Amino acid sequence: MPVRTGVIGVGLMGAEHARLLSHAVSGSEVSAVFDVDTQRAETAAASSDSRVLDDPMVLIKDDAVDAVLIASSDDTHEQFVLACLAAGKPVLCEKPLAPDVDGCLRILQAESDAGRQLVSVGFMRRYDPGYGELKDALRGGALGRALLMHCVHRNSAAPGQSSATLISGSAVHEIDTARWLLDEELLTVTVHRPRASAGSGAMQDPMLLVFASASGVLVDVEVFLNAAYGYDVRCEVVGEAGTVLLDSPAPTSRRVAGQFTRALPADWRSRFAEAYRLELQDWVDGIAAAEPVRGASAWDGYVATEVAGAGIRAFGTGGRQDVVLRDKPALYR
Amino acid sequence: MPVRTGVIGVGLMGAEHARLLSHAVSGSEVSAVFDVDTQRAETAAASSDSRVLDDPMVLIKDDAVDAVLIASSDDTHEQFVLACLAAGKPVLCEKPLAPDVDGCLRILQAESDAGRQLVSVGFMRRYDPGYGELKDALRGGALGRALLMHCVHRNSAAPGQSSATLISGSAVHEIDTARWLLDEELLTVTVHRPRASAGSGAMQDPMLLVFASASGVLVDVEVFLNAAYGYDVRCEVVGEAGTVLLDSPAPTSRRVAGQFTRALPADWRSRFAEAYRLELQDWVDGIAAAEPVRGASAWDGYVATEVAGAGIRAFGTGGRQDVVLRDKPALYR
Amino acid sequence: MPVRTGVIGVGLMGAEHARLLSHAVSGSEVSAVFDVDTQRAETAAASSDSRVLDDPMVLIKDDAVDAVLIASSDDTHEQFVLACLAAGKPVLCEKPLAPDVDGCLRILQAESDAGRQLVSVGFMRRYDPGYGELKDALRGGALGRALLMHCVHRNSAAPGQSSATLISGSAVHEIDTARWLLDEELLTVTVHRPRASAGSGAMQDPMLLVFASASGVLVDVEVFLNAAYGYDVRCEVVGEAGTVLLDSPAPTSRRVAGQFTRALPADWRSRFAEAYRLELQDWVDGIAAAEPVRGASAWDGYVATEVAGAGIRAFGTGGRQDVVLRDKPALYR
Amino acid sequence: MPVRTGVIGVGLMGAEHARLLSHAVSGSEVSAVFDVDTQRAETAAASSDSRVLDDPMVLIKDDAVDAVLIASSDDTHEQFVLACLAAGKPVLCEKPLAPDVDGCLRILQAESDAGRQLVSVGFMRRYDPGYGELKDALRGGALGRALLMHCVHRNSAAPGQSSATLISGSAVHEIDTARWLLDEELLTVTVHRPRASAGSGAMQDPMLLVFASASGVLVDVEVFLNAAYGYDVRCEVVGEAGTVLLDSPAPTSRRVAGQFTRALPADWRSRFAEAYRLELQDWVDGIAAAEPVRGASAWDGYVATEVAGAGIRAFGTGGRQDVVLRDKPALYR
């Protein structure tokens, strides 16, 4: 019996999730789709052999929906996740779990009250084979203890972004990645402001964030959303005995017009296409096997929002900000 | 309704196919398994939620088998493919379609008689994203007309191989790849014999094959099965205006002990894991959509065996051998 | 007529300079050598066909000495440079010009009084072909305005270093490089302290320095002197329209034991061997042509010491420090 | 006392040699220049502080000429080398030593009669640091015995070339390099003809040559003179235990317009600039020290011409040609 997913929100990302769940993930079907844009919903339903439902709360409770994927606008995440918890259904929520800490805390409370983990947060980089190699390298011990991480996160363009969303929407990926790779929390954050690019408008872009982890690892993150030349994500972990670097992958190179060249990814969807597929396959497999949440949990979602918030405060004040986390509920220990 | 596949032969490769068809391909199930080794069949059946059948001919006719994957020993391929054609079922046969030209021709005849293409041959490189980029580069026109291809095909070890199987079992991948990339036939072949490696026993290893295509493109192929250092497949296409190169991929690099390093693939299964998955997904999708064969056809399987045979003759004689192909049956035009 | 150089200090670096000046630089000879270690002086003199003089002040005034190269201990630089100025002779002083700002200022005063530039400072990276390509890229305009620079400076080991000399002796190279590449001054500096490596003793190693230039370019510099795995210098300049990266060079790669590998430089001498030769050739050519100082000037030497001092203060206080430069004397404008 | 060189022929290459000998090589001067084009001779003389002589035979005998560099047209090499031998002066002759075997043999005879080696041939790749790393890798033993060499030699354009000069003027570099790296002779050669590029006119371009060495190492060489995209020289040596690859070097890379890029060398002069300098420095050092010829000898020059001749015959016949070498005179053993 395939796992039947209801998808809430089928914009760019949600439509891709629906496509993967219906056509690229084993043991998976899409059974219902909701979007505020009915036309968009109908297109996604048609291409995933599913129905359009016109009420997301009805979708969540539908008998033909075993699990829910949330890819609607950020401010709607909390209510839908809470409804899934109320319905006792596994839910994969695109980041952020909720844009504000209070929303995240309400989810943690509800899930703790339910007594079992049903919530996954879509930090898909944990499923990227390249990040997996970084994790393996750190576990393997050949690099010694980690001391530094240098991260680069560049987009070619960023319409509609602000200095705050640069942190909460983009740097948040490095926040989750660093916590996951280092297996510890980030405790402080400082933000440096370079000269802004001409195309960045009122936004501070690029930005350089420097985090310190519990054990003292420094994580510096350049986020540059109007990098113009392309999409480019890099991460180097520096250990006492060696380093490991993840760079933008490209299987082929060309030699033309006096240049050796390799194409950079067009955007995050092509760069992380495999990560999204593996994330969904693992999510579906976990549901089918009735096994615990394997990717980022609601706790991870909460921490990401909390650390991003400290980053936004650090950006505002110019000084170093501490990250103050709530006690971790028993369910997540 | 998922496509239900019966798998004949679940050794290393067949077991991996069964795993992919049951756990990684959308819209796919494994419904039956056969292997001459009953223990092996039971293991594969258990992990793919399917039954063991003790007669491959019964499996092919089984009502719960919509399609057949053949990964048994080379000399059994012909009879199973013919039985699938007789049963009117789609079949994906691991290369070679048949080890000898006559066997291939009987299959072409049977499929022509049946009047529709049901046979696919497992030249999985056509689904590798890297080879796909080579194809795109050639199609795109930026390189101009192709003039040369330089291929390297190295394994770390090759127990039980001979000079003939080096060509028919390994170089045959480059034979199919070159035909597919260049979209034309290979007409001649010359074999050069370098000094043999100490570990190669009676086999000529490495070997350098030089093919010429219908339009005059030269394709040189180094095959080195006891390359000791690892698995390494490369392909450079040289055009009038530029070149494109596929090298062994690796998302991360390390810096340790005075060296910048990148891991090479362990073997062909890890190198082409994505190609195998995409091949099977496309095969299943084609069956579900009742669409024509998309990967290598029986004709492609026949030509590969014919060209490999010319290579083996060229190895024996030391001179250049022509490839003489039969007329292409109407079904494949 | 070759330029005859007297070399003061023939330790590791000075001996290499003497070798280059006598055997690898056109139009150049070594005419005299001084070292506090007479044995060392005699070895260097023998291999460069020159005489040992037992008084550096006598060497500076010697009629057979047209120009002076200073590679003695840091605290002796000032007196020798001043003596060269008094003697009216061109002098190339290894960095630092003087370890303290006051010493640098006395040299600026003396050179200004002399009314012509005779002092060059050995910031050899300005002659490295790789750094030259960075400069060309910035000048060329294809990258747009510079916004960020990411620098990595790692040594395999660092006996006898301290947190202060990590900045004044190692980071000082990036300080000069950034000023030269960006063609503007660094105005502020912040120092972040990651967890220290086990082998670093009382020293803070690695260290992350963040500079801001007059126009707002952020320059982050990781210095890691006990990086264990090797010598590794990298620099990426991020512009509005693109980036340029200098990495550790290696003309060849190997594939052995499951790995693609490239050797990293053994240390700074092999990494910058070509830069040292080109620096000395340019210095000698300038003297022969009676042309102005082309490399780093005394003013550059002063600024490097001033900025490094601000870095050391920033390290001590944990906060951001301003770099306060004296007015640039007319001679250097 | 510097070594005073007379330069015969100051076209593109000879002018560069004159520049290096007067401005980049230690212990070296240019004392006289000859060229059939007087204007060109005067320009070179002016920039190297030397005199123009209007008779090359007078130049060779001139008292102020300690050694001679020959960079005139190929067909003049023999007479000038013989004159240098008659004058008892060291001579560095650009390749070829002589375009025909008989000319080479007359030089071997004359040098043998003279009883000491005075002739060097300008196979500058022996001085390229990258080729030096290949040699070190082979000597080091980590790769095991060599079995194959794959060479690529591409120019962006080749006005005035023919199929024969493609071999004698371009492939000849790989011929010398292979002999030097493998430390043995090439015994046979076969030439394969790919489809010719549109821009190649009557010339067969590209061409694929396959040599076999005395111990059975196969050396395949793609020469492509109208490669359009740029200058590109590569060499991979495949050993029993691993491989080593020399590729076109570039210290920096850029990321612009959706691409990771590295510049390829403009032509052979920039690619081998360092090799030319080191070749000349070593030549001058050897003369100053009265030491034996260190680079390619007259014997090496003869063998290169002999092997290239076999290649031209193989191109003409389409079959494999043996290389038949004369007995090596005692002077070269």
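A few notes on this one:
Labels A, B, C and D are assigned to the chains in the order they are written; within every chain, residues are numbered from 1.
To be clear about the criterion, contacts are C-beta pairs under 8 Å (C-beta built on N, C-alpha and C of every residue); 3 or more make two chains touch, one makes a residue touch a chain.
Because the structure is a prediction, the values reported are computed rather than measured.
Under the contact definition stated at the top, the chains bordering both chain B and chain C are A, D. Most remote chain with respect to chain C, judged by CA-atom centres, is B. Counted by residue number, the contact pairs of B-C are over half the same as those of A-D, the matching pair from B-D, A-C or A-D. A straight line joining the Cα centres of chain B and chain D is 44 Å long. Chain A and chain B, compared by their mean Cα positions, are separated by 37 Å. Taking the mean of the C-alpha atoms as each chain's centre, chain A and chain D sit 57 Å apart.
Multi-chain contact residues of chain C (touching two or more other chains) are listed as 229, 241-243, 255-257. By the touch criterion given at the top, residues 156, 229-230, 232, 248, 250, 255-264, 266 of chain A touch chain D in their complex. Listed in rising order, the residues of chain C touching chain A in the complex are 144-145, 147-148, 150, 152, 190, 192-199, 206, 208, 210, 212, 215-218, 220, 222, 224, 226-229, 238, 240-243. Interface residues of chain B facing chain A in the complex, by the touch rule stated above, are 22-28, 129-130, 133-134, 137, 142-143, 241-247, 249, 251-257, 274, 281, 285.
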